[in-house]
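Okay, so subunit A shows up in both of these, paired with subunit B first and subunit C after.
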Partner chain A sequence: MALIPTATYQAPDIPHREFHPGDGPHTTSGTTTQISDHVINAGGEDRDKPTPHKDTPMGNLRAQLTTLQDQLNVFLTERMKLDKQGKSNEQELERKILDEAEDEEED
Partner chain B sequence: MTDKLPYKVTLSIPFETHEQATIAKNTLSPDPIVKSVDEFNIEYEINDNILQILFSGASNRIIRVTISNTIDNLKTILECIDEFEGKQDHLFEIDGEKFTG
Partner chain C sequence: MTVDLDKYLKPGKDHYIALGLEGSANKLGVGVIRHNQGQLTSSNRAEVLSNIRDTYIAPPGEGFLPRDTARHHRNWVVRVIKRALAVAKIKGTDIDVICFTQGPGMGSPLQSVVIAARTLAQLWKIPLMGVNHCVGHIEMGREITGADNPVVLYVSGGNTQVIAYSKQRYRIFGETLDIAIGNCLDRFARTLKIPNEPAPGYNIEQMAKKGKHLVNLPYTVKGMDLSMSGILANIDSIAKDMFGKQNKQLIDEETGEPITAEDLCFSLQEILFSMLVEITERALAHVNSNQVLIVGGVGSNQRLQEMMKLMIEDRKNGQIYATDERFCIDNGIMIAHAGLLSYRMGQVTDLDHTVCTQRFRTDEVFVEWRDD
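Coming up: the complex of A and B.
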């Protein structure tokens, strides 16, 4: 029996979103948990690289969990960027309102 | 009342047995992932052989950090179960010191 890890996400603007590792292939080398591309491109070696998974239920679960971790990390990083963007838009709007109020006072 | 921790992720990890799910829960639960209880909460539940972990946070950022950290720990637990479950302890010596494992 395959052991498949899943996740659900919920936020004020997203009532329900599901994550499923999919058909694969799955490995233990996560794209979001390895050393940075910059270091790899400079010839660096990831000394903490995880061992490859065995073809056992626990081994395959570990590989699938790595895929799920990548999916969650990518999604949440994107959401963090949007949060940051939203905050800076709010600040920009606040600055505009304050500037306009000052201009009106000067008039 | 507004929810102070409105960002939520539920992770469902199926194990082969209830005992494995319990081992994972008992390994993860004693260590707090972050200090701030105002910004984050984590709950563990076991239903049969499935370990469910509910993360609730004040932001996407704290959810992102705590989930990735927990999954890293879970992967180590899975690897340990895969390597050592069902194996008999045996006595061995290193530099005259006796160990079991």
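Coming up: the complex of A and C.
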């Protein structure tokens, strides 16, 4: 029996979004779960790689789950970036209003 | 009065087996412990069936970052558990309780390890028990050394506390006000770019053995507490003067000989350890005890043990207890042991309450298994 992991995401602006690992190929070496660049740049080596998956239902589930995790990580990071941008736009607006008000007083 | 530890023994069994998972910092530890029925005494000791550890090592000059440490734990935990079970010669279903470190420690490494604990508990239908890391150190130290009611000096990379037992709590008599002693030593090791393998503190200890000139550093005991961040800043700036662009040569005032990196390591250890000895001695006087138990990673430092011994020998019937690196440095077996003690009192942690916490003070734990 094939085990396929899926995930759903809901938020006020996204009523329903589904994630599916797709056809693959899948591996346990996820793109978003690698060793950090900081460690590599400091001369570290990656001694902590995950073991490759076995060709069993559980092993394949592990690999597909890693693909799914990558999709979620990319999606959520993007959402966080947008959120941050939104906040900084708000702050920019606030700063402008305050600064302009200040300018008027100086004049 | 002694506490009955066997009220919850499963019918038809004469022993308990616990699996312990530790991952609050850069060590991933898995241990299997066995308690036979009855009180733990000198003739009925807890039996260590396996005690496996794998350490995340950062490159020289770097500390371990939460993200990469957690990744290390996640990617090794299954392999290490398999090895621990194989060495202990048991099956998953032989286990009575799965114990895990609930805190204190680094958030993401803790979270990575508890996921393994939860998964196994559900897979094998075994109860979980969350353990306070500090209490794990204390209970394992007591069990290994046979010290019954010592003042505990808990010194490691993340913690520095002087603890004494009173009325079913391990009470904190003195502690660091800022950074932990191991953190202070490790960070100085980073300044000197000493390798992190096998442990930065161990490498400092080896260098300190070759040092002989004491460099003047601040001595900062504040009542029963101590502060170490200022000492670190001070010695860091001395090291930067010596090995930085200035290349300043420092001279020992008494002998006129040049100060070396070894001398700095020696001086840092002497000052920090003197401070620890002072507050420990004061705690001994407070609780009228003559036993000291040193636990935690820095506790394996032989110079610290030696200095503490000099102090304790001046007290009547003074005794010092310390363990070797297998039990001093973070390990899974201490979590299994402390968790099993709670389990034997009928405590378990429901799945909903297995969330880990970075802040979990030693005196928050109700020590139900002791009543003296």
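Rule of thumb we're sticking to: the second predicted complex is superposed on the first by the 91 of 107 C-alpha atoms of A that agree within 3 Å, B and C clash if a C-alpha of one lies under 4 Å from a C-alpha of the other, contacts with A are read in each partner's own complex, and residues count from 1 in each chain.
The rule is simple: a residue touches a chain if its C-beta (ideal position, glycine included) is under 8 Å from a C-beta of that chain, and two chains touch if they have at least 3 such contacts.
Fair warning: this is a prediction, and the values are worked out from it, not measured in the lab.
S.K.: Quick one: classify A:51 as touching subunit B (first), subunit C (second), both or neither.
M.R.: In the superposition, A:51 contacts both subunit B and subunit C.
S.K.: Which partner, once the models are overlaid, touches more of subunit A's residues, subunit C or subunit B?
M.R.: Of subunit B and subunit C, B contacts more residues of subunit A.
S.K.: Could you say whether A:74 touches subunit B, subunit C, both of them, or neither, answering first, second, both or neither?
M.R.: Neither partner.
S.K.: Mind working out whether A:97 is in touch with subunit B, subunit C, both or neither, as first, second, both or neither?
M.R.: neither
S.K.: May I ask you to decide whether A:35 touches subunit B, subunit C, both, or neither, giving the answer as first, second, both or neither?
M.R.: second
S.K.: Examine A:43 and indicate which partner it touches, taking first as subunit B and second as subunit C; both and neither are also allowed.
M.R.: After superposing on A, A:43 lies in contact with subunit C but is clear of subunit B.
S.K.: For A:83, is the partner it touches subunit B (first), subunit C (second), both, or none of the two (neither)?
M.R.: After superposition on chain A, A:83 lies in contact with subunit B alone.
S.K.: Residues on subunit A in contact with subunit B in one complex and with subunit C in the other?
M.R.: Dual-contact residues (subunit A): 33, 50-51.
S.K.: Using the touch rule from the top, collect the residues of subunit B that touch subunit A in their complex.
M.R.: 6-16, 59-61, 63-64, 67-68, 71-72, 74-75, 78-79, 81-82, 85
S.K.: Taking the touch rule as given, give the residues of subunit C at its contact with subunit A in the complex, in rising order.
M.R.: The touching residues are 56-62, 65, 67-68, 71-72, 74-76, 78-79.
S.K.: Quick check: in the complex, which residue numbers of subunit A touch subunit C?
M.R.: 33, 35-36, 38-39, 42-44, 47-51
S.K.: What part of subunit A is in contact with subunit B in the complex they form?
M.R.: Going by the criterion above, the answer is residues 3-12, 28, 32-33, 50-51, 54, 56-59, 61-62, 65-66, 68-69, 72-73, 76-77, 79-80, 83.
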